[in-house]
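One structure below.
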């Protein structure tokens, strides 16, 4: 319980930073921090494998991709962002606060009276692997197809505006 | 260029509007691979060069103006400091111009000595070039150290002969300052014999290297017509397949007596420039061998040539030689006094540099560095 | 509060924050940041129920999280690729300015 | 929390050479147990001391390597190298350290102060964390994690973010270019790195690094590099380690002839030293992983050599691998960024993917002569095709030169 | 036909060879550990100029303060003032002879143009000083070195110069002797001539 109580506010603070920071790069770095903390949360909950995967994929790939895109599309529009903020904040809160209320209500409704396990459930790697390729084999195949499509698609996107117009030498 | 005031502002191209995505980088004057204090204001799109503006003059030392206010002889040590990698060819070109101006004959032996020294200088320059270009490509100095190791041997010869390793100040109007010391020609012959194996090793180190092939081929080429119009000379021009070597085209000294060939490239990219220099070194070794074998006895300087109070007749003269970097010429106008009325250098480094932007557009930042390296500039000559 | 309730609350707030980011941010990449937050909120739920729920030999919770992570990575990659494409055409990542279907 | 391998073996003797590196840990644990300290305290103190041992060993190795690298490069370039500070320059790292520490710490005016400070720290942390899971000897794995390999890659991926921070927070252009290069390079080469490591994982059936080493039992032929898939996977992995450690010829992120020092351009003094340290520790970690996965970790190379403490074998192999990096650094020029990326995506990743089925077939066919006969052609054919394609390109790249007659 | 990658391996072989050979081959390892050992200097090596004096004292300076070197010096780093006696008559020796070696570019033109064999190029190169101005402005006393030093530094040149000077001196001495003899003869002739007319005179009456 203690790790949860320490981690939860940290995660929320980092997420708040990701939502609120004016400079896009700061926001992206806060996102990375928040995702890393979620990974630590998974470790604390006993899901080691998931935690490390979360860390590797989110911090190592997604966050890096995001900051990289921010680098490529760098623009100095923080001032505009801050200026526009109050208006968009109102609309944002109008939409998200009810959602939060509903969610919290549901949470408060569901948790009553359920017995909770205090023993750490095991997440053995071998079991995970076997389950992955037996019970969840169709899903794995689906993901595989999806990832292949993503890879090809992203490559095509990146390829389309190659260097051709600028390079008369045909290098 | 001068009419554009922006070149004097501290960071002209660096200030861009926020709107566009181009990155404006000032490469130099304090940059590891600009061969001195040279600066390129580069506009990058990602890593691709969109615009490039050379900025130079950081090493300007008023060479030409100083030469007009000192005697003819006093300019000789200043020419050492033009292209300080190869001072002896600078000396030679200047001596040639003054001899043409004053009509001084050069004795046979002195001509041979000049050819030997000139070709040794070519070896020095091209050897050092191999080291520099690999350094520009990011090899951590090995090639440079090997090149300098061999260059030191030639510099030892220069020290024995001229008293200085680099700032030779050796040629005189009508010959050379002093005669070859005893045993010098034999030492030089041994060096010439040993140089072949070193070149083989260097070639093995460089030429077969796939990374080098990938980096250098098809980089920085320009059509020969553009090069000719730009006044490019030397290995850069010959790499593009233009047969223009002053030793053949407008022979000076006694080059007609030697049997050597002019290597020509095809594409004129960085790789060709490297290879042409390799082949030129081998031809230089041939010339050296012949010159050392034929070296006659006799005066090392025309005894009639005056040292003190030298006053050429009124007139003007332009003399050029095939320097290691290209056509090196001196234009002198004499008004009959001890100082030249007008003194003008045609520096190959500077003129070869003029097409830098054309060669670099559309290529990567890393290519700019090796293209600059392949032009083989020395800032002492560019800025004078 | 029980640990499960803590986690669920955390996930709810995280989801709301992600939603807020999606709605307030105008930079397309930062909208993606919000989406990542929301996905993570969902993942926390899965892990929480696996951890504190009834024993599950099928390991559905972690499995789901793994798939979600894979899909999130794919989504980020494609999303960013699209954003970069759009950026190349319009020189902007501001969603308010992307009001034309014509490239 | 993270599950550890519960493989505590029988302690032979406290003072045997095999146990030497763990002696401090053992002693602290013994003392604490005798003082009737609670068990968690004993465990934590033991871990701290074990971690301290690793950090101490590798920090001194870092100091030594910084000297040896300069000496080796100098010798390859026919120089002597540093030899003034102390006997054969042995005190040179100390002198360098003092110089670094006493230098002014410059923070550019346009820098993001906090991130600028954070980046060098975040460079060092993952390197040290990654060093913690590598099995250095039969009895010496500082943190024997069940998921060691995954942990290694997970913390290793943090490096990219810290390099980005360094480049971006400096508020300057060369660091920015360097960071962009570094990120694209690391992301590209992490894929073949992980995939070729996965081949090992498939054959070993575990993510635990000590287990992987134990499975490469016996001397030389038992190592993963001596299998038909392993030799290719090892080669790919080796190339990727060079790229991940930003060593020549893949040192583009700090290519000094182009972008000055890349993401480290605006750093000076102690922060620069931290970058330097992080880079070298990362080098140790990734080379150590290569040794662990492919070169049999601490296993002795020949049968009769079991009496030598196993960690000596590990460090010997590590030294060999690192020497090969130095040798390469002394020789090769740097590749260009587009060539680097093309090499990663068009050559490395397909080839790495190929090792996976090869490893599977190897395992499936019983790892005997039959597997050799099946797997070797399977691996060789694509490589020959690649070689053929390259060769065609090379043939086109070889030029002959004409001479003007005269 | 070369296999791909062979070029890379060949490169490794070259560096490897250099690495190994640098331990035992002198041609590969040319480094000289400077303060302890020194590379041999060519006898022809020149650095900064020095003034030659015959004998032990500065009075023997060969320089006659003709200022030819001052005029020819390319960077104009020589400054000479002629010493005169109270009547303004030239004493044919320099009162001040300064060379700013921070400006001097070691070209050797001063030595070349000097018609009096008075200035030659030195081989000394360890001249570092912590005084940027005074320490690098060499005055007459600092510049003067004995003819013996010259002989030791460049035996060939010095002995040639010595021989020439000796020959010249002898010639001069001979000329002086001849002149003296001639003067004597002239005087005698004059005397004789004087006497003659006297005689003639004497003879006249």
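Letters are used for the chains, namely A, B, C, D and E, taken in the order the chains are written, and counting of residues starts over at 1 for each.
Everything below uses one rule, namely that a residue touches a chain if its C-beta (ideal position, glycine included) is under 8 Å from a C-beta of that chain, and two chains touch if they have at least 3 such contacts.
As the structure is a prediction and not an experimental result, all values here were calculated from the model.
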Over the chains that touch one another, what is the least number of steps taking chain B to chain E? 1
Relative to chain E, chain with the most remote C-alpha centre: C
For the chain pairs D-E and A-C, which is connected through the larger number of C-beta pairs in contact? A-C
Find me the chain with the mean Cα position closest to the mean of all the protein Cα atoms on display. D
So, in whole Å, the Cα centroid of chain B is separated from that of chain D by 44
Provide the C-alpha centroid distance between chain C and chain E, rounded to the nearest whole angstrom. 86
With chain centres defined as C-alpha means, what is the inter-centre distance between chain B and chain C in Å? 62
For chain B, give me the residues that contact two or more of the other chains. 21, 142, 146, 149, 205, 209-213
Which chain E residues touch at least two other chains? 2, 4, 8, 11, 14-15, 18, 28, 30
Of all residues in chain E, those that touch chain B in their complex: 2, 4-8, 10-11, 13-15, 18, 28, 30, 41-46, 68, 71-74, 76, 105-109, 112-113, 115, 121
Chain C to chain A touching residues, read off their complex: 2-10, 12-21, 23-27, 29-30, 32-34, 36-37, 40, 43-44, 47-48, 50-55, 58-59, 62-63, 65-67, 69-74, 76-78, 80-85, 87-88, 92-94
What residues on chain B touch chain D, complex-wise? 23-25, 31-33, 44, 47, 134-142, 144-146, 149, 205, 209-215, 217, 243, 245, 248, 261-267, 271-272, 275-276, 279, 364-367, 369
Any idea which chain E residues touch chain D in the complex? 1-4, 8, 11-12, 14-16, 18-19, 22-23, 28-31, 33
Touching residues of chain A toward chain D in the complex: what are they? 25, 29, 32, 39, 43-44, 46, 48-49, 52-53, 55-56, 59-61, 63-65, 67-68, 71-72, 125
